[in-house]
Structures are given as structure tokens and as C-alpha cells.
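Okay, got some structures for you below.
Paired with chain B in one complex and with chain C in the other, chain A is shared by the two complexes that follow.
Let's look at the complex of A and B:
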């Protein structure tokens, strides 16, 4: 076993490798290169009845709202990021979020939605719009740790859980689109937990401030994604415990209540 | 789970079993790193001595030699740094290090 293992890298080497655009290129090439707009052209559409189509449109409108929040949040966070690796990683996240928004908009178009902006405005969950405003206020106030916690820990961790449950119950095209998004989300939630954890360890993040953000925002996001699972038609007995991954994350951060 | 144990004798510096890793189709990291990870199929997915579950993103992390408590382990798909610890019942687990 003489070959280089990831586990034999030094800590800085590992961070430099995984936060780089080179790493990002090599990663997304693996699961997106043959999937324009997130799915293989040969994947066959499954007919949806009127009610299924309507519920999927609502779900996708909410995903578009969440992705727009993350796109605007991440783009603002590039300027606030405290070091080169964090700036470069956040730039890759901006690209990911823009792609997510694009593939969900394309899926809405596939479903016959001709005016997505109007449809999103009509169907977006008010709690999600409230979360988006709160996130962008944190970014606007240049509160790096609070904004990363809100975006990459609270939002991304819950999205990760919901997208996985939805992908297991979705039509084939939507499922493929979601699986590509899920692969991106691993990086985003991992970045959030890692950077908040390091910030708490070195004192650059304020634990009480993060607890305050948690108190303000987590119930809001939990409610949004419970509604999303309803809209996505995920049967109750197949639903994950929505907050479990998120609560495990805050527990690892030493922020359990 | 699926890697062949190496036919070579254990490394003289330690007595760990070694494994020939194969690419198991995990495509979320650059090619040169893909064989060090695989998808987890759920609670019934039995891990081999050279495998450990990332608690952050639930990907199986793999190595060319069996894991032991105290080993450093990196999850590239979610960029987490961890250390191997002995959990309840002696099962090895990865604990995130910040």
C-alpha cells in the first residue's frame, strides 16, 4: 500500500485540495458531464396526473426559492470569507447554487410552467421567504459565522435530507436532477460544519450569537421542509426524521440545547 | 465490504491487514480519489475493517489498510477531518475534528 491515500495528506494539504476549483472540476465531472440540465437525455418522462404535477410544481417553486436564497447568500459571502480557501470554495458554491436554480427552472419548464417568476411568487412558502430575508440580512451585516451557520448548516443540512427523501419517491427525471444536487450539497454542508466548528474552537465564532440565530431560524426552515415533503408526496412511513441530520450536526458543534 | 485482502504479508512496521482497493463507482470526487469512497446503502450495510462511515455526509470512507483507533481519516466528499474512535460495543466510528 504505497500509493497516496487522502488520509495521509497533511491537514493544510487536504484543505487546499478539497477547497480548490481543480477539485470541484474533477468532482462534478464525475456526476454531471453527461447530464445536461441535470439528467440524461435518454431518461424517460413518467406521466404525472394533474394533482401530482401540481404538487411537483409547488415543490420545485420552493426549491427555486431556497436555491435563490443560497445563490444570493453565497455570492455575498465570497467577499466576507476570511481566507483564500474559503473564498475559492464559496465561489464554487455560487456556481453550484446557480446550477441548481437553473435545473429546477428547467424542470418547471418541462412541466409546462411558462412564467416561472409568477409561479414562484404565487407558490413560495412564506416561511422560506422570511428565511431568505433573514439570511440576506446576516450577509448584509457582514456576519460571516452567523450567515454560514444559517446557510450551510441549517438550510443545506435540511435540504440534503429532504432532497434525498424526495429523490427516492420522485419521477425518474426529477430524481436524477435531485441526485446531482445532493452530490453538491455534501460539500456545502460539510464546509459549513467544518468552518463553524473551527470558528467555535478558535474563538472567531460567537457561540451565543449562533444559538440566537439557531433560535430565530431553525423552526422556520423545519416547517418549510415538512411542507415540502407533503408537497413531494413522500409517504409518512418513508419520511426521514427531518431534523435528525441537522440535530446531529449541531450536536457535533457542541450546540445542542 | 468488497475489497480483496492483499496477498502480501503485513507491513513489517505494523501488523494491519491491507487491501487492494477497487473503484466502486463513487463519482463525487476527482478520479484519483474515487476508490477511497463508496456510497452507503443504509443501516444494513456492513462495513469492512478498512471502511468507516462519515457521520457528516454518510459516505463510506475506505483505506488500503484496516482502521484502528487514533487513525486520522479524511472525507473528501464533504471535506471533513476526522479521527477513528472506538464506539459502543467496540465498533469503530469516525469523530469529527475541528
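Let's look at the complex of A and C:
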């Protein structure tokens, strides 16, 4: 597996290779094997003042909300997946999302949060909750392409962008946890872009329907973005560039509004 | 509950399963292991093995749909987290048994038609009874159906097949060893988590027992079909004995094998259902 270059394969062989338990395990083994709960035990905690700690708790509560949406979305998508490879990939994503939730909850516990459910309910961003409801409605309506677009392109791009920016500004333990999560998100985003890109090319995905979904979700996404970057302490001068990352990922699929 | 559920974290699963008993395996077996030449060269035997493996794929596809479908119905994060690990375990089982079909000569393009051709209709019905509960978002019934009935059946079927293949087909036996280890974990979760929920919701008992009765009916019908079609074991004086629950699988007739499997699974059901406060219901004719 180490010598294989998946991008040299045809579509079918690419899916056989990369949408498998074997490939998933080969991928995560490298960055999780010596990191229980997402970070090396030897990584030293940096003292946080009261305000920094409170801001980090809010950020992590929102990450938990996003990951719960991703876990529930991905688990619902397993049954909707149109073929064997897509089902297996979605199953790997289910366990990735559950792991993210686990490591963020663990981080909240490290910070002294004793009732994470109550804390998450108190601090969750309303726009993110609105996004979660919209995503789960797409899954509930068995709208596979729209749900994959919302989950694996829009949500994953948003998380990927925010986590990367946060990792550059975070304390060492949180940064390490985030880097493991980012590696997973890259895989999920790759699946979304490849799958939707192919669907648009062969007509199995409806471009106007996806543009409609993007239109419905865009305002929520941009609100979440702004608040999340604020909570994560990302300097204002870096934000336009991060927003551009998100818009470029969506535009790569020809989803301009 | 919290202490018990902490045993089912993703971290622990990573350490036990992918980084534990699956380390250094490829599709659940040794990288250099292959199906035996005698099997690949015997058309009747090969068809029988393809048919058997298709039933495993059908069962595991049902388990994948059920475990992923139950995540959103789970009442707490630890249960969702466990079901997430089970979802990937079941996906891996689908993958390794599908790979076995390819190893037995099924072409990738013929996978679905092969599954459609050989899938036992009674096993399909068995799956439908369970998935109806999952679709209804009935967490308690879904977990009993999935983690006690389906997994209880799978556990014994895999154990029997592993014992019977240890000598003639070590590759397949090794594939089964990893799935047995997974199923043991799944059954354990079902017993521990659901016992408490059934005590909280005793009104659910009759409906769950009816589901168990229907699933058991279709399971026994599947066993009857499978062993009716099975070829008798070829005489092989060199083959080692394969003792399983008092029966030598190397020399047993299909009728004897069906009897030992059915008795073992039903015995397990009675024990496991009793542990969660349910009474085993003997199947009667179903619709």
C-alpha cells in the first residue's frame, strides 16, 4: 500500500483502493498510533488565563456541535450510499466523526468542564444548530447528492478551514488534537469533491439542486465562520483569506451562485 | 452505566481492534494466505462456498445498515460512539467477505448479481424484520435485534465455520477469527446497555419478544435451506477432527451440522435474552 499512488488509478480502481477499511487504517495509523485521545501524552499543557480558557471552551463546544452533526449525517448516509465503496467510505467517516467528538469532549474535560452536554447546549452557535437541522433534513429526505454536498463539501470545508486556522493559534495540546482531525477532514473533503464532481459530470447529481442547497446554507455557513474564527482567536487580517479557501472549494465544483 | 460504556470508547477500539488483533492482516487474514487449490478446482464445492459467502455478505450488509441507522436513535453519546465503532466493524466484515467472493472468482462487475442470485430469501426476510425497527428509530428493539439476535447468530455461525475451516482452509478461518472477536464485543454491548433500558421500559417487552420470534423463525428457515443444499463432506482420512459443541464437523452430515448450529444458537439466545430480562419465544409459523 505504501508504494501505491492512488491518483494514478482509474475511477473504479481508485474507489476500490481508497474507499476501504484497509486504506482508512493505513491512513490513520500514521497519525493516531502514538496519540491517545489525539495528542502525545508528553505534550505539555500551556497555562491559559480565565478568558482564554473560556473562549476555548466555547470553541470546543461548537466543534462538538459540528462533529455531532457530522456523525449523525454520516451515519444516515451509510444506507443511502449508492454502491459498496461509498458505503464503506461512509462507515470509515462515521468512526472518524465519533473520534473527533470523543477527543473534543476529552479536551473539554481536561479544561474542567464536568457537564459537557449542558455546556454545549448553552454555548452552541444558533447558526450551526440551524445548519445541523438543515443537513439532517437532507439526509432524512434521502437526498444523497445534496446531503453529501452539504456534509462532505460545505461542512467539511468549513471545519477544515477553521481547524487549520485555529491550530496555528492554539495551545500545544489543542493544536495537536486539531492536526489529527484535519487529516481526517482532508479525506472526507476529497470524497465529497470527487463524488460530487463525478456526479455532475455523469448527470447523476443535479447542478441546479446543489446550487439551491448552497444558497440555502451559505448565510448560516458564513455566520458560523465569522463567529468560530472570532472564538478561536484568529487575527482579523487572516480571515478574508480563510473565507476565500471555503469559496474556492465550493467553486471548484462549479457551484458559483 | 458510565463505567461500562467507557470500555467502548473509540480510543479503546483503536487500540484493541485495528492496532490490536487486526495488526498485520490484509482483509482480515495473512497477506500470503490463499484459498486452497482443491477448492478453486472443484466447481461444485466452489459454488457452494460462493453461496455460503453470499449469506455472510447479506448478513453483514444488514448489520452495517442497522448499526449505522441506530446511531441517530441512540439516547446518549457513549452509545452513539460504540455504534460508530460497530458501524466500521460491520463495514469491514462486508469488505472481507466481499473480498472472499472475489478470491473465489466472482468478477467485481458481477458482485450484485451474484448476491441477488444466491441470497437466501429467508435471510433477506430476517434482515427486513430488523431494519423495520431501525427505520422506526426504535433503539431498544433495534439493539436487541442487532446485537443479541443477529450478532448472536453470527457469532455462532462464524465460530462453527472457523472450527470447520481451521484445517482445510486456514485463510478463511483466519478471516473469521477477527470477525468473531468483533462480534463478541458487539454482543457484550447489547447485553449490558439494553438490560438497563428494558428495566426502564418494561412495556416494550412484548413487541421485542415478537420481533425475536420472527427473526428466529427466518433464521432457522435459513439454516434449513443452507444445509439442505450443502454437499456431504467428502471422505478424507487425513483431515483432522474439527470438534465443535460435541460434533466433529469434519465428518458430520449436513443434518447433524444444522442440528448442532441451531441448538447452539438457540441456547445462546435463551441465555442472553434472559440476562436482559426477556424470555425467549419459540418461533411459530410467520405470515
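Convention: the second predicted complex is superposed on the first by the 243 of 257 C-alpha atoms of A that agree within 3 Å, B and C clash if a C-alpha of one lies under 4 Å from a C-alpha of the other, contacts with A are read in each partner's own complex, and residues count from 1 in each chain.
One rule holds in what follows: a residue touches a chain if its C-beta (ideal position, glycine included) is under 8 Å from a C-beta of that chain, and two chains touch if they have at least 3 such contacts.
Quick caveat: nothing in here was measured; it's all calculated off a predicted structure.
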Let's test your reading of the overlay: on chain A, do chain B and chain C clash or fit side by side?
fit
Taking the superposition as given, does A:37 touch the first partner, chain B, the second, chain C, both, or neither?
second
Reported in degrees to the nearest 10, the CA-centre angle with chain A in the middle and chain B, chain C at the ends is 100
Could you look at A:84 and tell me whether it touches chain B, chain C, both or neither (first, second, both, neither)?
second
Touching A:92 in the superposition: chain B (first), chain C (second), both, neither?
second
Quick check on the superposed pair: does A:248 touch chain B, chain C, both, or neither? Answer first, second, both or neither.
first
Is A:14 contacted by the first partner chain B, the second partner chain C, both or neither?
first
Could you say whether A:200 touches chain B, chain C, both of them, or neither, answering first, second, both or neither?
first
Does the superposition put A:186 against chain B (first), chain C (second), both, or neither?
first
Once the structures are superposed on A, label A:101 by its partner contacts, choosing first (chain B), second (chain C), both or neither.
second
Between chain B and chain C, what is the tightest CA to CA spacing in Å in the combined model?
12
Interface residues of chain A shared between complexes with chain B and chain C
22, 25, 29
Residue ranges of chain B in contact with chain A within the complex
6, 11, 18-19, 27-31, 33-34, 36, 55-57, 59, 61, 63-65, 71-81, 96, 98
Chain C-facing residues of chain A, complex
12, 16, 20-22, 24-25, 28-29, 32-33, 36-37, 71-72, 75-76, 78-79, 84, 87-88, 90-92, 94-95, 97-99, 101-102, 105, 117, 136
Chain B contact footprint on chain A (complex, rising order)
1, 3, 5-7, 9, 11, 14-15, 17-19, 22-23, 25-27, 29-31, 160, 183, 186-187, 189-191, 193-194, 197-198, 200-201, 248-249, 252
Per the touch rule, the chain C residues reaching chain A in their complex are 9-11, 13-15, 18-19, 22, 26-27, 64-65, 68-69, 71-72, 77, 80-81, 83-85, 87-88, 90-92, 94-95, 98, 108, 111
